[in-house]
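Two complexes are shown next, each including subunit A; its partner changes from subunit B in the first to subunit C in the second.
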Partner chain A sequence: MIYLLTSNILQISPEGIIDRYPNSYNHFVLPFVIGISFILVYLFIGLVRILYHLTGEDRIKLLKSLFKPKTAWKNIKDIFCDCLLHTKIWKRKPLLGYMHSAIAFGWFLLIVVGHIEVWLFAPRHLSGLTEGSLYYPIFYRFFIWINPAHETLRGSVFFFIMDFLLLYVLSGIGLAMFKRVRSIALGMRHTTKPSLADRVALYSLWLIFPLRLLAEGFTADLSGGGFLTRPLNWVFRAFFGNELNFLPTWWAYSICLGLFFLAMPFSRYMHILTEPLLILMRNAGLKVRKPRKGFAEAEIYACSSCGLCLDACPMNVQKKNLKYSSVYFIRFLRRHNKRKTREIADKCLMCGKCYALCPVGVNSPAIRRALRETQNNNIKCDYSYLEDASSKSSATLAGKAGGKILYFAGCMSHLTPVIIKSVETILKASGQDYEFMDRNEGICCGRPLMLAGRTEAAQKTIQANSRIIRESGCTTLLVSCPICLKIFKEEYSLNGIEVIHYTQLVDRLIKEGKLKVSKSSSAIVYHDPCELGRGCGIYEEPRNVLSSVAELKKASKERDESICCGYSMGTLTLDEKDKAKIAESSVTSLMAENPDEIVTACPMCYRAIRSKAEVPVKDFAEIVCENIEK
Partner chain B sequence: MIDFGFSFSPSSRINLDKADKEKFLSLAALEPDVLKCMACGSCSASCTAGAFEDTSVRKAILSLQNGLSDDAVKLLNHCMLCGKCTMVCPRGINTRHLILSIQKIYGK
Partner chain C sequence: MKNNILVIGGGPAGLEASAVLSRMGYNVILAEKEKRLGGHLAKWDRLFPDQTPAKEVLDGLLDGIKDVKCFTETDVNSINLLDRSFNAMLSNGITILADAVLLASGFDMFKAEKKEEYGYGIYDGVMTNADMEQVFREGKTFSPAPKAIGFVHCVGSRDEKAGNPACSKVCCATAVKQAIETKELYPEANVYCFYMDLRMFGRHYEDLYLRAQKAGIRFIRGRVSEVAETSEGRLLVKAEDTLSSRPVKVTLDRLVLMAGMRPSEAGHKVGRQLNLSVEEDGFFSSRDGFLSLQKSKLPGLFYAGACTGPKTLPDTFHEARSAAMEIDRYIKENFRK
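This part shows the complex of A and B:
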């Protein structure tokens, strides 16, 4: 009670609440105040820097999106679900989801409820910086003395809620500590190696909440407390007998908070503050333009370095490739390490699995592509021949394909003639009128150039192909290669011509009754090609068809978790041996339920899987062809 | 000039001393697969751009080995990086990276 006696100005509120300190200030708040001021200034500068590097067009887009009711609602929903509740992690790994949401949502609620408590019982301290509104709500339990005789039910409810929330956070922290020792128990085979700043922030974060419990426990007889802090107070009394201990614990609590905020901008925990900004920018429809500035910078700082991409990356079937994962790519990018980022960017398969599984949604494949663009876009080339080729092709097709399906096989399908043959058989069997766009000589769709970062060159092939397609007068463009499909959908402007993959077409033909298939007894498994599944979101159509032609088994990893076949166009420097290893792991996943045959819908996957599988591998069109009812 | 009724054809001799060996070594360091080629010609046979213009990875590698780097760059100028040559190469050469590397090192 010595503190009580020294205070000469006592503020008594109707609830029997007394400020134990004149001016409500004690030196121990300083570390926290320094930390929070630093992070606020850093945040402001960072925000200005990111906005400055956006193009003018993007800035206006962002501003407009904030006032569109639909986007605004999506923003609120996404921020709540992704930043606080972590629904994306819950869905895949519930225990990990609980751990993260306990820390994030629990801490958030502690801050909010703490402020509400101050607003109700000591509103004066929220009115301005001179009243301590920066730190007072955080250290409320230190500054307050509540006469037990005046304790109200309303106050007791808050004691209970605050202690309950603290317990909730502590359970999350406990799991986090356990995860450091045995990550596999929470569903993670590999975890990220923390950097120095990460460690400082991590250990201070771990200490913040136990110290809060101790500190509030020491003061619980003065400030009041709930089911956690009050028993703790009795125990401390029994052991220590005096109150001389409690100032050092409050100091320690404040120092840990301050340390956490000081280390934050240099550590992974910057994601807490950057993720809301990333959500706003993503919902506004912004795209990565430069690899390190503007939108990309928001993505880089929003990376939580959680390491979920380590298990996701198909390259990590070999431990030596762990260093090429997105998490390290982003880390080196953040440190401006040009040599390493280039090396990693060129190695990537661009299968998009890290992006699909990322709880924050950091589009690292897009950043890698932007980085490749800075390296490869200025390579000299000569595409003058494309103009002639496209006029020649236009002339032969003109008028013939009017109102029909135009079939573009693409370079890769020409290496697997069985696909072309089967697609044509299906088209004929279902009575579809079609024209072949590239039977003898075709122009590449441009996706491989795009993936290599040669955007300008890609635009030339896009122009050449667009002209042929538009002038043919077709209504539907049919493609049998998912790589082509992706770029036709994203980069081509085709005046309303529908772009469709053959799996979609077959599904539609069967539903319309134009194609009749019979079910065979063989058990098959379907491999999701990266560009078709994660790239274009086509998972259901091929499965619909395949389950009507055979018995469809499951792979151990499928849909958006499907493992790349390894021979993706995305990689530039991955060598043959590594590709083969990835293909093997992909086949192992497919063989989980011992199917008789493997089916895929991409010429690249078809070739890759065929080289490694011990069971027959068929293309989607091939197996449909075999089961057409005559 | 007096017309003697015959003329000299330009020499087809290759002066390897003039070839930039440093560049080839840096290429081999960047993409060691360049040393693996056995000149089978699968790449040229399957080439998409080859249907329109003279494009060949096989010829380009041979030209580099013969010190004719300008010819090599010219042969790859029309490449669309479609990756068919990578898929058909029996030696598993990463042709796409090889082409990009040649263009970067010799194309300046």
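This part shows the complex of A and C:
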């Protein structure tokens, strides 16, 4: 009947492709058109808002980066790998990676190949909005009739590809459904609780592709189809006998698409559209300045709420503390819930594991710090004494360390005297000329203030210390505390003075033959301190050295997955009992292979682990000292 | 027939309770893990508040246990509650069927090396209260004579970070006593006490404090923050004087850490086998805090002394005697009808 009604306006294209509808329009496309228009407008406004809240300097930086060939290439590569292929998830959890890439990359290809198909066979419909270019490629199979006698090889290839891609996406959707029921099968112990918008978007996303299969199955005898849709069509015809029921299916398909796009901005699925922007901004070198605006907003909306950070967060040893994980932090930020975000921001250990393991790379520790800054930067204290202390130290040290190593122990090493003693022994044994910057008194490196969001106060200690270091004339600044190391590397400008952690120095001394060590029979395990590993990327040097002084065993979680010792400077409000629980879980991970001793390279970790471990705990320098060849 | 009573722990509480029970006519078996009876008392030189020699008190205790079967260097390998009695296997191979058990496992000293910032085990000049008593007991002297000595109160007590928020009760008085004794030995030396607040709650304790002040001991209200070694091998101690709100720095020759009381590990081993409950501080929990202080949740198992929390010696003796009375009542009610 439809053919009769429309036969007078059938248009014949070169390959026997005929538009079945006048103006290629049917009311069922409306839900989709409304949805897609809404999301496009929303995206545009969101983009403008984010760009508006960037500082002028950042905006120029972003713009310039787009035209630098190196960054541009990195942008393309990152967008392809992170947004479509999800290589980061693949590396850690292959099945989960397959699920994500099947949905993202599969859907992306469906859209691209679909458009190519239209461009090849019905190019007129891509030429403008009046020709339906907004929806036509999506519902292409509905609008055409292909004369079976005119089917070409080229057309059949497309039928095959499109069906194959649909199958690919459907396999991902199937896994996603399975994951909702049993997340552990895909390698996730904890998953997030979806909000209402998440549910709407999620269920419509689940339905989109099965409905597409149904809809294209119903029309396969008219539009043609591949190995999935055509057999489906035979089955349907055998059961239903006519084609009258296919319009409701196309309606359902369009409604699901529309619903998905309408729910998207209020759901986790906004990450699909925000992540590319985040990649561009990150590659341009932008930093979080405000906790909810500008770059941070891109980070917040790029969070896919996948919950991988729940398994990463050291707080997860206690179920009650799971609420402090990044995923909930970001969710409350999105909802502008000030009370909860503040509580979570202050509670966090700032160990950075969520950031290291985040498939999107949302830097939530930076956002937390920015949020702390809005509250704590205004606390006024009198730091005038710093200038005196700085001048005094400068006067005694000036020029003395010319060409030598300057050792800065820092507050925490002073509270753990075994570290200082061992570092000095190593320096003497290897014939290094050095000066001790803070033997009797010193100024804090500023990192704890920085972590607490007290940026201005931190800058004051940074200035005071910088002066002493620069005037000492040293060429190398040696630190024994990773907390100091991080801020010396990131915030100090020291005119080319090398900042080095003692694990790096010892590694170098051994390689240069200046320090000789012997190997003991003791089996040890190394705990990666957060600030040293994830913070400064130092994983290899301590392991090189330790494997030459003892037998190095593995922890169940190590390197960038290492579990924080719980006593991080980063937390402002976590209480002792919760810290102790985290310390216990860190020790449990370290004891996986029953080592005789635990070794770490951070005074905080040393103290924390010692309070919980049943085997001896040693500092890196201490165990090196024990094995120096005399 | 005499009822068997097993006393676990041969410190002041175990010894005093054994003596009373044995006078009551019970067959008392005492198991002590160490070579010598007396627990921490045997390692002490003089006792506060009046500097009574610890040996005098210990000898008095030992006099009372002539009829007690004492097994030293003996652990309780396993213990379980049968129908009404306890079956204990000792490490010396002896099995005991006891109608009642008194747990007097006492306390362990807090391991001072856990407070890394004080450098115990790293700097030669840093020692604990127990080390100091040993020096006194053996009559040793420091040479050359120290010019300055410091005492740090509350090491591992009232310290949440060290895992023990509770007060250990005896360290303030011990520190003041040891400070006086040190000053007597080295009248020229400057003696400092770094305290949070002085808890001189017992009879004559305040007199001891006044004596210390008259002897010229300097009391600095504030915790020691860190200890470093000077190039001459002396100790540079940094603290805050919270009365004058100023940081203080003193160079000392010796630093004595007043290590607090922690639950005994050997006691926990017994407790785990009997499923005895411990409170948050790690010490055993009595059936209630007022009327059944010596009773555990198990019928026939009683507590005395520091196994239920830090106590002074007089308190420990009171507990030992009342535990003996509770045991006597329990046996009469349950085994002699």
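We adopt the following convention: the second predicted complex is superposed on the first by the 624 of 630 C-alpha atoms of A that agree within 3 Å, B and C clash if a C-alpha of one lies under 4 Å from a C-alpha of the other, contacts with A are read in each partner's own complex, and residues count from 1 in each chain.
Following the convention adopted for this analysis, a residue touches a chain if its C-beta (ideal position, glycine included) is under 8 Å from a C-beta of that chain, and two chains touch if they have at least 3 such contacts.
On a predicted model such as this, the values are computed, not experimentally measured, just so you know.
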Given the alignment on subunit A, is it a clash or a fit between subunit B and subunit C? clash
Taking the superposition on A as described, I'd like to know which of subunit B and subunit C A:Glu576 touches: first, second, both or neither. both
Which partner does A:Leu273 reach: the first (subunit B), the second (subunit C), both, or neither? neither
Looking at A:Val506, would you say it contacts subunit B, subunit C, both, or neither? Reply first, second, both or neither. neither
Of the two partners subunit B and subunit C, more of subunit A gets touched by chain B
Would you sort A:Asp382 into first (subunit B), second (subunit C), both or neither based on which partner it touches? first
Which of subunit B and subunit C A:Leu415 touches, first, second, both or neither: both
By the touch definition at the top of the document, which applies to A:Arg607: first (subunit B), second (subunit C), both, or neither? both
Can you check which stretch of subunit B gets into subunit C in the overlay, out of 3-11, 21-29, 39-47 or 75-83? 39-47
Shared contact residues on subunit A for subunit B and subunit C? 414-415, 440, 576, 607
What part of subunit C is in contact with subunit A in the complex they form? 114, 116-117, 119, 122-123, 160-163, 225-229, 236
Which positions of subunit A touch subunit B when the two form their complex? 346, 376, 379-383, 385-386, 388-389, 411-412, 414-415, 440-444, 446, 448-449, 452, 454, 457, 461, 567, 569, 572-576, 604, 607
Residue ranges of subunit B in contact with subunit A within the complex: 31, 33, 46, 48-49, 51-53, 77-84, 87-88, 92, 94, 96-97, 100, 103-104, 107
Contacting residues of subunit A [partner subunit C, same complex]: 414-418, 420-421, 439-440, 576, 580, 606-607, 610-611
